[in-house]
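Two complexes come next, and they have one chain in common, chain A, joined by chain B in the first and chain C in the second.
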Partner chain A sequence: MILYTIKRLIQGVITVWFIATATFFAMHGVPGDPLMTDKAMSEEVRKNLDAHYGFDQPKWKQYGIYIGHMVQGDFGISFAQENRRVNDILWEHFPVSAFLGILAITFAGLGGILFGALTARYRNRMPDIVIMFLVILGISVPSFVFAALGQLALVKLNAFFGTSILPVAGWGTLSHMIAPSLVLGLGTMAFLTRLMRSSMLEIVSSDYVRTARSKGLPTTRIFLRHELRNAILPVVTVLGPSIAAITTGGFVVELVFAIPGLGRYFVQAVQQLDYTVIMGTTVFYGAFLVFMVIVVDLLYGLIDPRVRLE
Partner chain B sequence: MNAALSFRPIVAERDVEVISRPSLSYWRDAWIRLKANRRALVSLYIVIALGLFTVVGPWLPFVPNHSAQDLDQISSPPGADRTATIVEPYVPWSGVTVNAPGGQAPLEAPASVSLAGEATTQAVRIFWDPVRGAHGYRIYRNIAHPAPDDALGMPLADVLVPSRVSFEDRLDIKPQEYFYSVVPLDRNGREAPVYATLDVSAIRVITAEEAVKRGLAGSTADLAIGDQVELKLHVLGTDYLGRDMLARLMHGARVSLFIGIVAPFLFILVGILYGSAAGFVGGRVDQVLMRFADFVVALPFLLFMILFRILFKIEGGDSGIAPMLIAMVILSWPAAARLVRGQILQIREEGYISASRLLGAKTPYLVLRHMIPNTMGVILVTITFAVPSAIFTEAFLSFIGMGVAPPTPSWGSMCNEGIKTMLTYPHELIFPALFISITVLAFNLLGDGLRDALDARMRSQE
Partner chain C sequence: MTTSSSDNPGARGRAVAGAASVAGVPTGQGSRSGIAWLGEGSQLFILSVLGIGAFVLLMMLLSFVSELFGGGGAGEAVDPGTGTITLALSTEPPQLDSTRATDMVSGQILGHVMEGLVRYDEFDRIVPGVAERWEVGGSEAVFHLRDDSRWSDGTPVTAHDFVFAWRKAVEPATASQYAFILYPIKNARAVNNGELPVTALGATAVDELTLEVRLERPIGYFDKLVAFPTYYPIKQAFYEGRDGRYGADAVDLLYNGPFVIERWVHGAQLRMSRNDEYWDHERIRLNTIDYAYITSDVNATLNLYKDGKVAVAGLDAETLHDALEQRWKLERFNDGSVFFIEFNHRPSRLTSNRNLRKAIQFVLDPAELVYKVIKLPGNTPGESLFPVWLKGVNGYFRQEYPAPEHRVDLARAHDYLERAKQELGLDPLPPLIFLSGDNPAANKQSEYFQEVFASRLGIEVKIDRQIFKQRLAKMTSGDFDMVLAGWGPDYADPLTFGDLFASWNKNNRGEYANSVLDGWVEVAQSSLVPEERMRAFDEIQKIIYDDAVILPNYERGSVFVRNPRLEGVVRRAVGTDPDYTNAYIVDG
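Presenting the complex of A and B:
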């Protein structure tokens, strides 16, 4: 177990290094650089700036310097926002994105398990048909449409009650977070519901459930102890990739709901070719995702003793 | 009884094992299964209809050019009133002037605001009762009533002559209701905290000359002042620049469907080559190749899509389709590669491969005759499921302004434009969103159907 964890962590570090390298060279492949602004500058000024930022060095040397700093946890200073350290930007905006993501995945997970179990229990009856229809809708409608429609619904709702039930946009209090995280979690919830349903159907017809039933166990006990617990397992497996899907989906939701998360920053940084912010965001996000997948895999080994981690 | 009588020689019945029905090939069987699946069949028809929509649609008689602007109908929802009244060409208005009554503050609201002549899309002319002591007036226009929040709307102009009590609005008037508010100004040009509002419904008008120029009537001789003409038909309305929504949806479908279908096709092709190479060679090479695929999977997908899109951007006037396609292929192939490798590894151990090998089959023959055809079903299903996610990705990127560049329409960029006017003109968002959803839905259901038809092991439990 410990050996496996260490092995996975080493793999994770190599993966992050690969992400950093790919980002660095992809970014430097883009024509232009962050110093090219509208302001005209003389040759000399440009030369001094190049020397100051190390742009006169060969690419591989710049790469070496960057990786050296990165290993020490220093992502440098933003080009577009003067005197702002990338670490500060991450520190300020990442928690917002992460919080939104965690709320969304909680909604998605709980909703998916609940609705999945419900549909399996009422298979081919009204609740199943209604929920599965909604699920198909949830998978087919893009997140930005949900975000826009959610916002529209909030506007109408607030107008209907005459007061602000839930804020339409912005960030800060818990009431700001409810609508965006629901919208963000909806797609994943639909996906998890579908998964939970099929895994539940498989479990219901398994031998040990039949045994439990023939022993005369009460239905709720069978449901909670034998069916639900086993059916959740596949849901846990896809939780890792789901986190990735949710964090990227967060971009749009942040944009539509005017939430000061990292996603908006990244889009801006790419447009301005703000090298350090692009690098910082990508590496940080990449590391976060890699780490989350490892955590989920380890967790899976803990909940399901049948899985041997090697 | 004679023994010879009770025993008769058996006549061999050779036709016992004759196959009475034609044997079904794998693909015929799959087609029969698919036809039995109503949902999948309907989805297939929808997909075909979408294809026709994009290819044949733009040639239909009621579909105008997708980039032509109809400036008489901007942001008009489908089914909107299209009648316009013929009027005289515009003549300047001299306005209303009075003897400004002098006096002292506090300023009061104008006693009344009235309309001079008819309110038309050509001009809205208002005048008001002079306010004692006012040094000027500021005029606001709003599309909703200012009460209760005193939301006066957009300031149109300042009239800084006390004796002048009229204003002519010619600023982009649409055939709808407007609320004009007049606020008196004091000596220092500050607004008084009072205002008077006039509710105006502008009607759509057009001059005879314009009507002929737009092809709405044969010649100016046929038209008299006060006649009604019908403006051009826009089946699904127009967008914020007066472009036909239906034409743009048809054109946008080209981009969305092109990327949605070509991108999965390309990256699955790359995946097949890479995966079958890894699966077939095996050993160390396989390990190295698959580790590299793992790395690519770990790249944050959207961040890299955005980066690559900028990286491959070649020209300013580019539509942005090619960069998006390349980026998608570069980032999406590993999943397909892994799948194909798994299939190849599995098939390699099958009995019919050993049998074929025993009969002297060489590797290329094995790959072409047995392995690739046997993975085709799984690959087809993967492509069908990859289409919706590719369409999503395109829509998503275009939505955040990182996809196709305007003025090229795509469903995603149309949503991006529509969301800005969502509250006032929801049709500009709803139609493209609807098309994305229906397309994705159709491909998802078709994928489900294909999976059930092609692969018995993956058959879903429904």
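Presenting the complex of A and C:
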């Protein structure tokens, strides 16, 4: 187990290094550079800037310097926000995205497992049909539509009651988080519901469940110990990457609800070719994703004793 | 996340088979299922209650922790009790170090918390700021500072603070992108180029309250230049005490303007409150300006406006419809910038042929573009490189020197096109590259032009959509025939547009070169006689049209809605915009 963990961690470090290198060269391959603005610069100004940011060095040297700093945990200073260190941006904005993400994933996970189990139970009957219809909606409608609709619904709700029931946008209190986390978690919840449903359907008709029933075990026990525990495995598998995706990828939701999360910085950085922020966020996301996958693999061994970790 | 995996058909098949074949076993069907359902159903119910409970608990925990990371509830759009207005900001100000700021949002915030030697009043006139009076004459300018202008720490603003800031801006190590705006000052360019030490800059503090500036050449509009944020003062002791973090946070700035930044949570909120140390603080009627939301989503801002949470919301073509339905009063304003089709004049390009450019010019009708394609009130059809708001000798420049008359003339256009084809020896012409931004507005426009060129001239155009930086890179390298471009003013003098197509101007990305035009630009730069300068601009205006250097599309306007209880908001083309320093709340 420990050996396996160490092995996976080493693999993870190599993966992250690969992500960093690929991003670095892909980013520099894009036409334009972060210092370019719509007002052209005089040669003097441009030369000063190049020297300031080390752009007068050859690419491989810039790469070496960058990786050197990165290993020491220093991601440099943003080009678009020249006064802010990328480390500060990550440190200040990731927690916001993470709160939102954890809420969304809790909502998605609980809802997905619950609804999945329900639909499997009521297969081909009314609750199943209704929920599965909603699930298809949830999967096919993109989050920016949900975000806009959700916000509009809040405006109508507040107007109806003549007072602020829930804030339309902003960040800071519990009430600010409800709407965006629901919107953000919706797609994943729909996806998890489907996954849970199909895995549950397979389990309820399996031999060991039938055996358990024929032994006369209470349904509660069968449901918790045999059905749920087995059916939940595929859900756990996708939950890991989902956590990483949700806690980092709520760009649209963050924009619509005016939330100071990291997703916005990531997308804006790419648009502005903000080299250091692109690198910082990509490496950070990459490392986070790799880490979550490892955690899930380890969890697998705990939930399902059949999986042996070498 | 990928969502492509589907129910396993095999699993479903087996489940069905199992249920059907094992008769008598309680698989959820048959006579005993009622009891089984109840058991399982209540189990699920208990589980879901537990789940929801856990969810609520987690939310409470998270909300507690998130308070530590800032944010915080925002108030109503206008609050007369506390004298607070709440607003949304399109983006976090990227740079509040005035020597390095380049963008509109930073300029807007700086305009509220800093004050230069002079400022613009609500009628866009230059009025005294830190300087009480000044003399600009020949190659010298002297500014006499008022003795009651103070920093937010209570210390006086002195001439040294200006000298320090200006030296900082031109120092090569600062790498300021707007250093060029100080180039009219003696030796500024040489200092910025590293040829002279910063002490050689032609700005001296004669005493605490007298600032003497030597200029490279006589400049009639220097008083307008010093209103620009790069010319704002910085207190040396404070700057050096911040250890490179000057402007990074609310505590890393020292203010001398009408407001101070009270709270700045990056990406979430920027709240400004009245600066009691400001010399003219009695003029300021708002206590707090709270930018409680930072988002570039126009729709979200409008939703906040509907909900009574922000006092002002900008509109675009989509949200305009919504606002009209609500029967809100729309406010329009010309933001001062001009948008045009810029031709590539490099000799290797077909568009270096004047007849081809003239042919294109005579099929285009800016009014059609503005009223039938863009359809956003506030925009006006472009007629000249010089927008209507620029001042001339006595009144407005465009009233004194009207733009050349333009009318669509298909016969003339085809005439020019035939000549172009002959000169180029090409028939038909190969497709022209039309470089455009990649956003809904730019797409709509470029598709309109493509259609017009094809139907009215029979010229094929290939649209090359690029996001901002890539479009800039292609413009700079000359990889286009036509490009949708625009220009916003830096200062309130026609020269900010007039020198744009001088052969030496780096912003002349089509590399247009015409010695006659260059000559008129030089006249406009060095003459001190207003009549002479304006005549030079008129000559430039004529050349731009006759030679079809660019084809003006529109002067950009913007439309917004404003809470009727908020008055005194100033919008302007040059300087702090929007300006809330004179704003106030009316009872109602």
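Methods note: the second predicted complex is superposed on the first by the 297 of 310 C-alpha atoms of A that agree within 3 Å, B and C clash if a C-alpha of one lies under 4 Å from a C-alpha of the other, contacts with A are read in each partner's own complex, and residues count from 1 in each chain.
The definition used in the following text is that a residue touches a chain if its C-beta (ideal position, glycine included) is under 8 Å from a C-beta of that chain, and two chains touch if they have at least 3 such contacts.
Just so it is clear, the model here is predicted, and its values are computed rather than measured.
For the composite obtained by superposing both complexes on chain A, the positions of chain B and chain C are in clash. Legend: residue contacts after superposition of the two complexes on their common chain; A:L110 is shown touching chain C, with no touch to chain B. When the two complexes are overlaid on their common chain A, residue A:V168 makes contact with chain C while staying clear of chain B.
If you count the residues of chain A touched by chain B and by chain C, you find the higher number for C. By the touch criterion defined above, A:E202 lies against chain B and chain C together after alignment on the C-alpha atoms of chain A. By the touch criterion defined above, A:V30 reaches both chain B and chain C. Applying the stated contact rule after C-alpha superposition, one finds that A:M41 touches chain C and leaves chain B untouched.
When the shared chain is aligned, chain B and chain C each come close enough to touch A:V256. In the superposed model, A:I136 makes contact with chain B only, not with chain C. After the shared chain A is superposed, the part of chain B among 23-31, 257-265 or 311-319 that runs into chain C is 311-319, by C-alpha clashes.
The residues of chain A shared by its contacts with chain B and with chain C are 30, 139, 148, 151-152, 155, 198, 201-202, 255-256, 273.
If you check the complex, the residues on chain A that touch chain B are 14-15, 18-19, 22-23, 26-27, 29-30, 136-137, 139-145, 148, 151-152, 155, 198, 201-202, 244, 248, 251-252, 255-256, 266-267, 270, 273, 278, 281-282, 285-286, 289-290. For chain B in complex with chain A, the residues that touch the partner chain are 294-295, 298-304, 306-308, 310-311, 388, 392, 395-396, 399-402, 415, 419, 422-423, 426, 429, 433, 436-438, 440-441, 444-445, 460-461. Contacts from chain C toward chain A in the complex involve residues 1, 3, 5-8, 11-12, 14-15, 17-19, 22, 25-28, 36-37, 39-41, 43-44, 47-48, 51-52, 54-55, 58-60, 62-63, 65-67, 69-74, 88, 92, 94-97, 100, 102, 172-177, 179-180, 189, 192-194, 245-248, 252, 265-268, 292-297, 299-300, 303-304, 306-307, 309, 467-470, 472-474, 476, 505-507, 509.
Contact residues on chain A toward chain C in their complex (touch as defined above): 30-42, 44-45, 48-49, 51-53, 80-84, 89, 92-93, 95-96, 99, 102-103, 106-107, 110, 114, 117-118, 121, 123, 139, 148, 151-152, 154-155, 158-159, 164, 167-174, 176-178, 187-188, 190-191, 194-195, 197-199, 201-202, 204-206, 210, 213-214, 218-220, 223-224, 238, 241-242, 245, 255-261, 264-265, 271-273.
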